[in-house]
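See the structures that follow.
Both complexes below contain chain A, partnered by chain B and then by chain C.
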Partner chain A sequence: MDQLFDVSLFAAALRMVAPILLAALGGAICARVGLFNVGLEGMILVGAFSAILGNYLTGSITMAVLFSVVCTLVFSLLFAYMSINLQANVIVVGIALNFLATGLTTFSLRAIFDVKGAYYDKDMKGLPKLDIPVLKDIPWLGDVLSGQSILVYAAIIIVIVLQIYLYKTVAGFRLLAAGENPIAARSLGLHVKKTQYVAVLICGALCGLAGAQLSLGNVTMFTEGMTNGRGFIALVATMLGQSNPIGVAGASLLFGFMEALSYRLQNFSIPSNITAMLPFVVTIIAMIFFKNSGYKDEAKKSSGSSR
Partner chain B sequence: MDKLKDTLQALIQPLLAIVAGLLVGAIAILLVGGDVLETYREMWKGAFGNFFFLTNTLARATPIILVGLGVALAFRAGFFNMGAEGQMVLGALSAALTALYIPGPGLIKMLAAIIAAIIVAGLWSAFAGWLDSRFGMNLLITTLLLNYIATLFAGYMVAYPFKDRTGSSALSQTQMIDASAMFPKLFQGMTVHLGFVIAIVLALGMHLFMKHTTKGYEIRMMGGNPLFASYGGVNRGKLMIISMFVSGAIAGLAGASEVLGTQYRFLDGSLTAANYAWSGIMATLLANSNPIGTAFAALLLSALQTGGMGMERNTDVPLEISSIIQAVLILFISAKITISFIKRKKAGAKDGSAV
Partner chain C sequence: MLLEMDSITKSYGLVTANRNVSFNLRKGEVHALIGENGAGKTTLMRILYGMESPTSGHIKINGQPVVFHDPTDAIKHKIGMVHQHFMLFPAFSIAENIVIGREPKKSMMFDRKKAIEETISISEKYNMPVDPKKKVADCSLGMQQRVEILKVLHQGAEIIILDEPTGVLTPLEVKELLASIKSLAAQGKSFIIISHKLSEIMEVSDRITVLRDGVVTGTVNAGETNEEQLSRMMVGRELVKLERSTLETGKPVIDVSGVSIKGNKAKPLLDRISFQVREGEIVGVAGISGNGQSELLQAISGLMAIDEGTIVIQDQNVTGASVKQIRDSGLAHIPEDRYLWGVSKEATVSDNGIMGHLASTSKRGILNRKAIRTLVSEWVDRFAIKTGSLNTKAQYLSGGNLQKLIVAREIAQQSPFLIAAEPTRGVDVGAMEIIHGELLKRREERAAILLVSSELTEIMKLADRILVMYEGKIVGELDAATATEEQISLLMAGGKAVG
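Moving on to the complex of A and B:
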């Protein structure tokens, strides 16, 4: 057991939490304004691909992350336009965007890199790892918390910022109001549509970061469909966390840890097919124990009156 | 006259979507430096160019039609069953194992394989329905997550306990089933098989079932207006489990038909890589869950895919163009679905599970 639960497992868990957490926060903001975003999976995929593409084109890691965020923003605009302006069913739009993301990335992979399946460049630089001055000298904690990619720390900071933004600022309250009771919000002169757009765009930016962490965080590569269900797991994290940033972070930690554990268990001569099931099984079990009543009310509100 | 007008109006949106899809496809072709007309000509040839290609397209359409029909049934009832992939894979695995290990003449093996696929896939799908009606777990999410579990489990089964160790290949697959249990081909030397006939018959049968039976009416009512349905005495939980069972069973049948008609064994990843399940869901979305329409949409998607393969053989344009065209089709169609959902919303539908 000592071998199983060692320092590197927790360090890996933190690394794997980041994409799920970032996307789940995006999902939470969308849920807050009454949009159930099934398209997270596709948005992360676009982010992951454009991060690699940006890195390939510019050679600069900052530009790569920026490029990824911009591309995902454009992609999320499509979601916003179809679900807010055209009033299309958000779930169908989400599913359609997932298809579009798969299509666009596989096509671009062929068209730009002329490879099928995966693009890997060993000379490409990944996200920089940060050593936190004092923290890194603390025996166990230092090894887990220090030396992670910059986006892991960004994710933690974003959780705190969002928590403050949503519950301590006027703009945040307006965002909540737009989802809580759109008609009342509108009668107060709030721009509900604008607020929804802002929420979707924040979600897009966060998914771009999530994708960048996925493709540039540990190994610098892109594989077709490399999100592998993380967007859906993030969606569950959104629901379990009741769309509250701290709660979402807790749920994402659980799922990220399970993902790290599933990789680790492969070293114990357990077939990889069985270990790879672990995150999905735990996610489903978690859904039984944490009723998402709060989330469901959100969904009803959105279908009832906001549009 | 009104009827003609209605039909024309129903056709305009899909046609517009196809035009839009081809336009975006043309842009993508230009981007990679291809000749648009030449590329589309090759695509057409690859899908319908000669009898072999035509039957090939029909063969590919078979599992897509079946999955699409299964999903359409659930969608009609307002249940977002996204688990077709897992259901199909489990159906294929059960069909292959049953055909391998049930003794008796070929016909018995074949029927037993189909029944096993239907039962296993149906139960797997009904399980998600039960989780929703019993624990209030969002069906859309559970079915998505169950996909991963099902495909990984099937992969494990053929990588370890039931792996084919007779041949020299290291692939994760079962042994080949007995020739007597295979679906007959419809034409000598062509790929299209009995499964296609089953799919078409099922599409017609489902059309009649939806229109002319009480259960079909209950399903349409539940999808159209859940509150009205429950007022009329329809038990939502029960209907959910039943329709999820049937929906999954048909997806399982798709898997069985692939095993018995095309691959003759269960090979890990072969069904998921071909994207049959997701194409089926796309077909359902394109046809707005109409059974006959789903069959046609499945043919269209299949033609795009086989056409893409033909195109890739003869031009420099990558076959992934097809997936872009498909995605644009879906995107455009989701605006159309909007109209029916707005109608539904006006009718006061506020059900949680389908939201």
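Moving on to the complex of A and C:
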């Protein structure tokens, strides 16, 4: 047991949490304005690919992350335009974007890098690991928390920033209002569409970061469909956390931990096909046990907004 | 003059909603705007609130011409509107709902403490008490109405438009609202009230403007008119006095005995309800809404399971039967909430019309469009339903016209037993006359009718016998011919029967 639950498991969990958490926060903010974003998976995939591409083109890791954010922003604009301006069904738009992302990244991989399946460059640098002074000297905790990629810390900070934004600022209050009752918000002269655009763009940027962490943080490579369902797990984390940043963080931690555990269990002669199911099994169990009217209402609202 | 709307015309393509309408408002005045459904009241107010722009005509405030592009402009000119369907955020607290749009802030932060203080001070100033921290979702409709008015006052409104303000309120809440309106008007606020309810209008307003088919038919002082004159101005003709013949009642069509629903509260939702409705009889159920009437209707129509008792329709025991089985045994049902139970808003008028009439409008599973058109357009003519076409989506019909469609559909079932729940809620006097006439006609045809209404006058006008419900029990049964309004009101409030 000690072998199973050692320090590196928790450190790995934190690493795996980051992309899920970042995307789930994006999903949460979309859900808050009444747009249930099923396209998280595709957005992360675009982010992951463009991070590698940015790195390849510029050789700078900062530019790579920036490039990934910009590309995902453009991609999320598509979601925003179709669901907000054209009033298309958000679920359909989300699914369409997921397929588009798969096709687009696979095609670009061949067109740009001339490889099939995966692109790996041993000279490519990943996201820098930060050693946090003081913290790193604390036994156990230091080993878990310190030495993570910069985006892991960014994710934690973003949770706090979003929590304050939504529940303490006027702008956040109005964002919540626009999602809670768009017709009433409009009757007060609040700009509902603009608010929805802002939310989708924030979500796009967060998914870009999530993708960068996936392709440059954990490993330094891109493989076709490397998101491997993380966008959907993020979606579940969004719902489980009731679209509340702290709650979403909690749910993401659970899923990140399960993912890390599933890799770890492979060392204990359990077939990898079985362990790989772990995060998804937990997702299903979570859905059963944490069934709550909260996100049922959320779902109702989002289906209403997709008229 | 505080507000002048001068020769306003609004056309939507070929339809003219307002033609040369002039309307004015003095400071501290309560001015009612009445008319039938689709007469153009709401359109006129939407123009005033900046939600629509007029095809021609001008608006002046304090003599200055103004043009509103959106509600924000109207709010800036101190005009506030309380919509028929409340514009509130259920998940937010009362204070948050009141300050939204002009939140007190500390730099970028929302100062919720200050919001609560502002809410308390405004509610004390206008003597409309609220609990600032309570979630709106947990408030009664009367309280929500109050929050709406406080919100508008917080926005600094001097002119307050109330669109059908009493439609969803209990009689007690209506009384409180009317008192608040009077006291606010005494403090210098001016009101425009859109309503169908003539008695309330007569009580609260100073002047009354009547619209018919988009044209003003007159503006009168409330003191110099009466309900009959107003009805005439609205409908454009004399209303026919309803004739009620005395009928020999036949055998019982429905027999409800000992029906109880426990619910999860301490008090049962329905407590040993027993009654019968006979052929050729209208039984009215009176009561303040929320005293078990909804549950009773849902129990009878099979929408809610009962814990005890039996329900027999046409000698057939339908206790625990499905809605379909109950309907087949001879029930037609005009439901109390037309949007929830009555129609599909997304479907067309004709599709909504044939719900429950599929057998007569289809052959081997194929719909006969021609038969459907004939059937539904006959109802549209007979009930004077205002609709663009039979293919108009139900959601674009006004509430009253939608109600007429539902009544037409259910009456056409020609079933031996008819439930009419709030059959005239939100409909105008002309439509009310038609619906009441049709219900009485069904009575002549020896149908048994269970009429549930929160309008006492309606029950007294139509029913042969009156049952009064209070806290899930039938607390009194009265003969409609001899019952007085006072007697019934007392029973409704939980008092003991006298005399």
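As a working rule, the second predicted complex is superposed on the first by the 300 of 307 C-alpha atoms of A that agree within 3 Å, B and C clash if a C-alpha of one lies under 4 Å from a C-alpha of the other, contacts with A are read in each partner's own complex, and residues count from 1 in each chain.
To be clear about the criterion, a contact is a pair of C-beta atoms (placed from the backbone, for glycine too) under 8 Å apart; a residue touches a chain by one contact, two chains touch by 3 or more.
Nothing here was measured: the structure is a model prediction, and the numbers come from that model.
Engineer: Given the touch rule stated above, what does A:13 touch, chain B (first), chain C (second), both, or neither?
Structural biologist: So A:13 meets neither chain B nor chain C here.
Engineer: Counting only touches as set out at the top, which of chain B and chain C does A:173 meet: first, second, both, neither?
Structural biologist: So A:173 only meets chain C here.
Engineer: Can A:84 be said to touch chain B (first), chain C (second), both, or neither?
Structural biologist: neither
Engineer: State whether A:190 touches chain B only (first), chain C only (second), both chains, or neither.
Structural biologist: second
Engineer: Output check: A:181 vs chain B and chain C. Expected answer is one of first, second, both, neither. What do you get?
Structural biologist: It touches chain C, and chain B stays clear.
Engineer: Using the touch criterion from the header, give the chain among chain B and chain C with more contacted residues in chain A.
Structural biologist: Higher number of touched chain A residues: B.
Engineer: May I ask you to decide whether A:95 touches chain B, chain C, both, or neither, giving the answer as first, second, both or neither?
Structural biologist: So A:95 only meets chain B here.
Engineer: Looking at A:274 after the superposition, I want to know if it touches chain B, chain C, both of them or none. Which is it: first, second, both, neither?
Structural biologist: In the superposition, A:274 touches chain B alone.
Engineer: Classify the contacts of A:199 with the two partner chains as first (chain B alone), second (chain C alone), both, or neither.
Structural biologist: neither
Engineer: Shared contact residues on chain A, chain B side and chain C side combined as an intersection?
Structural biologist: Touching chain B and chain C on chain A: no residues.
Engineer: Would you tell me which residues of chain B are touching chain A in their complex?
Structural biologist: Against chain A, chain B makes touches at 28, 31-32, 80, 82, 131, 135-138, 140-142, 144-146, 148-149, 152-153, 155-156, 159-160, 278, 281-282, 285, 318, 320-321, 323-324, 326-328, 330-331, 333-335, 337-338, 341-342, 345, 349-350, 352, 355.
Engineer: Looking at the complex, which residues from chain C come into contact with chain A?
Structural biologist: The touching residues are 51, 70-72, 75, 81, 83, 86-92, 96, 100-101, 103, 105, 108-110.
Engineer: Quick check on the complex: what are the chain A residues that touch chain C?
Structural biologist: 168-174, 176-177, 180-181, 183-184, 186-190
Engineer: Which part of chain A faces chain B closely enough to touch in the complex?
Structural biologist: 36, 38, 78, 82, 86-89, 91-93, 95-97, 99-100, 102-104, 106-107, 109-111, 228-229, 232-233, 235-236, 239, 271, 273-274, 276-277, 280-281, 283-284, 287-288, 291-293, 296, 299-300, 302-304
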